[in-house]
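Chain nomenclature is as follows: A, B, C and D, assigned in order of appearance, with residue numbering initiated at 1 for each chain independently.
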Amino acid sequence: MINFASDNLSGAAPRILAALEAVDAGAAMPYGEDEVTARLERRFAEVFETDLAAFPVVTGTAANALTLAAMTPPYGAVYCHPEAHINAEECGAPEFYTGGAKLVGVPGAHGKLAAADVAAALAHAGVGFVHHVQPGAVSLTQASDAGTVYTPEEVAAIAEVARAHGLAVQMDGARLANALARLGCTPAEATWKAGVDVLAFGATKNGALAAEAAVFFRPELAREVAYRRKRGGHLISKMRYLSAQLEAYLQDDLWLADARHANAQAARLAEGLAALPGCALLHPVEGNEVFARLPEAALDGLEAAGFVFYRWREAGPGVVRLVASFDTRPQDVDAFLAEAARHCAGG
Amino acid sequence: MINFASDNLSGAAPRILAALEAVDAGAAMPYGEDEVTARLERRFAEVFETDLAAFPVVTGTAANALTLAAMTPPYGAVYCHPEAHINAEECGAPEFYTGGAKLVGVPGAHGKLAAADVAAALAHAGVGFVHHVQPGAVSLTQASDAGTVYTPEEVAAIAEVARAHGLAVQMDGARLANALARLGCTPAEATWKAGVDVLAFGATKNGALAAEAAVFFRPELAREVAYRRKRGGHLISKMRYLSAQLEAYLQDDLWLADARHANAQAARLAEGLAALPGCALLHPVEGNEVFARLPEAALDGLEAAGFVFYRWREAGPGVVRLVASFDTRPQDVDAFLAEAARHCAGG
Amino acid sequence: MINFASDNLSGAAPRILAALEAVDAGAAMPYGEDEVTARLERRFAEVFETDLAAFPVVTGTAANALTLAAMTPPYGAVYCHPEAHINAEECGAPEFYTGGAKLVGVPGAHGKLAAADVAAALAHAGVGFVHHVQPGAVSLTQASDAGTVYTPEEVAAIAEVARAHGLAVQMDGARLANALARLGCTPAEATWKAGVDVLAFGATKNGALAAEAAVFFRPELAREVAYRRKRGGHLISKMRYLSAQLEAYLQDDLWLADARHANAQAARLAEGLAALPGCALLHPVEGNEVFARLPEAALDGLEAAGFVFYRWREAGPGVVRLVASFDTRPQDVDAFLAEAARHCAGG
Amino acid sequence: MINFASDNLSGAAPRILAALEAVDAGAAMPYGEDEVTARLERRFAEVFETDLAAFPVVTGTAANALTLAAMTPPYGAVYCHPEAHINAEECGAPEFYTGGAKLVGVPGAHGKLAAADVAAALAHAGVGFVHHVQPGAVSLTQASDAGTVYTPEEVAAIAEVARAHGLAVQMDGARLANALARLGCTPAEATWKAGVDVLAFGATKNGALAAEAAVFFRPELAREVAYRRKRGGHLISKMRYLSAQLEAYLQDDLWLADARHANAQAARLAEGLAALPGCALLHPVEGNEVFARLPEAALDGLEAAGFVFYRWREAGPGVVRLVASFDTRPQDVDAFLAEAARHCAGG
């Protein structure tokens, strides 16, 4: 299988897998009382250049749901893009963990929220009006679900709107590394310095086996998280194996290097596709995801040739999502493009 | 650290850690659509000699909460021992996943439910009486939270009571391997043949990194589980690494061999303690856990000597829980006993 | 105060208030085991010409939330108009009672769902796709939140779409009487004969003190409702006083007569407004609600003159909602129109 | 029917029913923005001699669930008597409204909590231990579910324990009037002056049609209640009819006079029964409830003679609960006693 379906079809980055063995010997205190986890929290603080509270979990869904539940009461609302993963792809996990909050979609071009649209939505929210759910949080996905990336300035503009309404800002950072690789700024600049209060930090899509973290830049929001994590079944007893993945991920900027590689492959793919007759990109390619429209015959031919990818049927005929990963090889990209070209040329 | 605190302080069994590398190469479909997970479900069916549905998850809390939520409506009740892990040690996870069901404690000697007591509790439940929560499930822990083991006959007697009230039976099998090692019966005999409908199958406490499974012997009870697992944040994208742990765990009866070893060390410990002046066992030692009362001075001395264990203060002064694991060495047991003897002799 | 703000500012219909005294004497069994409640359920069956199960409650929010919770799992979705009361005005009650289901807005002209739009939304729902919430119910408001009325044919078309996807249909009938008064069809024709499975039957907005009912035309959907009603705190102990309101409401077609009166006043108001310079109706006036745009100066003048109504600011400047009630007097309508005319003429 | 089954079989007190008509004329703002409700809140403050926030609702279940949800997080625990109405008779409403908190039973003689037992339970609660639900509130029922009454000193002792653990105290006052009639102290002395923070104030069992209130003596605990009440479907639109009941209830001490009458009838009944051969009281009779054991033959005879009461089978053969109400007549008590005597004499 030559995988362009998703970055979660990839296996583990070698250094991350190796880290499991490195922490294996002997007994260690469970439930996060171990040394690896303590080291990890310090490492997170260094990487983000600030005090923070980090709660490792095994899925992005858990990281998102736990962070949102820390910010939003059951009668609350989370403002997000309609296509945000939290709204569209998590089977209602945020609703479950918040106790029934409402996700309010604020449409925006290329998968991103615009500050003005968030402001307009909040203006009609009815704060203090008992018949309405009450604004609880603003959530943005970085990189977005359309493969685009918010600049720190864009994040800051949204955060300013949120702050003006007394709301905190959550970032779904399942592909934060890809966004950082694009932006070239520091993790701090992309997050809390731009007004992000809480981060669902992702590693699985970029080389971990199963490792994410709920990261709180404002400790007072983290007060309940330990209980909610346990109650959600997400407090891993042998935590060191989870923390070790995140530690290796952050070590020597492995995460950024691997994300740069993935982004580069996506860019290579996008450039090639854009040049093919009958092909078009749907969104700017700023991370490791390419949304494109190809002739149906080309898609059929590519599948027949063993390439794996998702048809994005709700976006119309011929639309696909192609995702590059830390282990995508340039020759795989080129083979994909060559195969596509064979079918498009004939079109 | 010489660990008698818990089996979850141990690391991973070597063959289980090795299995992660074995499934690492190349791309694999995510979210359980991979070959390893398919193999695992077949393997589970062979081991339990019946058709079943198995949902791997990373914690016993998740396995318990998801299985109970499949059996109990929000206005339901789960009958269990007051000291059952689901009632006492999961921060309300079953309440969370069921949408607010009530756990009704039915006391019983040595951590076990007695069928007659369950029958008496159900007789007063008020079935159909709208002011009362409605019986939803009976749950028993095997091995129990007091380190004892239900015989298949005891399970069957409880299941018969449950069945007579239209209830299904859940088994918290976090230490099922230890129970089987004690009983010498087949997994089928200890579970569905004795009337168990749903099983929280544990592996983490016996050598996995983080791997459990929600196992349904009655497929109609599993209808909603896939959605509830996703919604709980427990659908791992790179599932192969989770399934591989369980596959290795079951391979060549590794799980039973390792449990036998742990049980043997617990027995060695129990025998030694029982012979010491001033020491007493609180429960029959039938699995890998020893509950004992020792002189406080002995406990202080043992801790000073580097032995790690839990003081079980709610059970009174001097009470400790000592847990043996797949990697507990006989010499560690003997060292513990020697140190204890030194203090008890002087008493 | 001359009230055009809402039908729930009105008091009780005299015959309904009188019914409370009529059932007051002596003791009666509580929690709905009384004779009045038994009579009421029979009366409902007569009025709707079918067997049904009816659960009286005190608010439309409760009737909606309980009916939706009977149809939708926690991981489910309710398809409704974005401006539906259940989505916009109940502070998340459906989310609370369902355990966190998602309300999916399907926009439509004049506050109504169109069958084709529901079909299109369901086509992309992802049935069986574990990452998506699963369709649970379709809900429509009759009369709608824009004051329009679904014909039985329109309801049937939506119900057919729902049925084709295995979904049941809920009707929020907070103003069902007004819809029936408009349609001239029987209650049966407007509901279950058109494919409605479950009805939130309203009486409060049309003359009751506080009386609604969750009505199930398909008894199998009602299986859990008694428990969920109790658990929601909605099982009234002295139920006779609640049932008596509904009985009087249905007696001698009081509900339809009062709704016809309210509709007639709304029509009178609409006709008058439409004739004023600078005024416009936003939606067809088919029930007892008028949505109109008036010059701001006219609104200020009307308020200064003591008329009470809601400014509908989210729909733009000058937009108001005017609601007629069972006790709205023609002379009040005429006075309103005269005052409005005074300001519009000068415009 | 001569009712000793429950005080909620009685109808409405005449002055309370009359109050509905008194507030009926004309339009009034909905959802509690009316004058009656404003007056009621001031009246509550006068009666309790302190600032407070009062939220009228229609059931005690709602008042209990809303107050407990204001005090207890989803991962919290409410400490109460095992037979407390909130634990035994509300079908899990507190679990529903809190989002899945746990009710922890603390047994005590005659239906009452003892401060020392609460202290002992809290000592083992495991505050800050992430595997345990966290103490959220202590709840006591006044008068208790065994018909006994806490003295202010007893309440204060429990409240002191709660305060020492950082917990707030909730009082289920479904029969608070009966307790006050017994104690002869002021409402303030029985509640907040003794350390009660939140009160579920009952009126229905003592003459209202359906009227209770969630009363907060500490306003900071009431912050979320308006939203949770709406979300629970308990915000009545025509609130004046609910508030009017409570206003009439408090007017001229009607509530206390009616409760004194009910208590006197219960005392008359208890005295009579205690003198009969073969009869015994199970609990001190301090309010309007009598728990007694009678010969089965006497019970059969009483039922045959048309007396209605509950057999309390879970307390053993021959046990009944007899409840006096504001409208219980002395001659009904005497008739009951005469009939009982006829059967007991022959024993």
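The rule is simple: contacts are C-beta pairs under 8 Å (C-beta built on N, C-alpha and C of every residue); 3 or more make two chains touch, one makes a residue touch a chain.
Since the structure is predicted, the reported quantities are computational estimates derived from the model, not experimental observations.
A.B. asks: If each step moves to a chain the current one touches, what is the fewest number of steps from subunit A to subunit C?
C.D. replies: When the steps are counted carefully, the minimum from subunit A to subunit C is 1.
A.B. asks: So, comparing C-alpha centroids, which chain is the farthest one from subunit B?
C.D. replies: That would be chain C.
A.B. asks: Which of the two pairs, B-D or B-C, is linked by more C-beta contacts?
C.D. replies: B-D
A.B. asks: Pick from A-B, B-D or A-D: which pair repeats the contacts of A-C, with over half of them the same residue pairs?
C.D. replies: Most of the A-C contacts reappear at B-D.
A.B. asks: Can you work out the whole-Å distance between the CA centroids of subunit C and subunit D?
C.D. replies: Roughly 34 Å, centre to centre.
A.B. asks: Between subunit B and subunit D, tell me the centre distance in angstrom, where each centre is the average of that chain's C-alpha atoms.
C.D. replies: 41
A.B. asks: Subunit B to subunit C: how many Å between their CA centres?
C.D. replies: Here the centre of subunit C sits 51 Å away from the centre of subunit B.
A.B. asks: Would you give the residues of subunit B that are in contact with at least 2 other chains, written as numbers and ranges?
C.D. replies: 74-75, 90-92, 96, 99, 130-131, 227, 230-231, 235, in rising order.
A.B. asks: Touching residues of subunit B toward subunit A in the complex: what are they?
C.D. replies: So the residues of subunit B touching subunit A come out as 1-3, 5-6, 8-12, 17, 20-21, 24-30, 57-59, 61-66, 90-93, 96-97, 204-205, 209-210, 227, 230-238, 241-242, 308.
A.B. asks: Can you list the subunit B residues touching subunit C in their complex?
C.D. replies: Checking each residue of subunit B against subunit C gives 31, 73-75, 99, 130-131, 134, 224, 226-231, 235.
A.B. asks: Along subunit B, where are the residues that touch subunit D in the complex?
C.D. replies: That would be residues 74-75, 88-92, 95-96, 98-103, 124, 130-133, 314 of subunit B.
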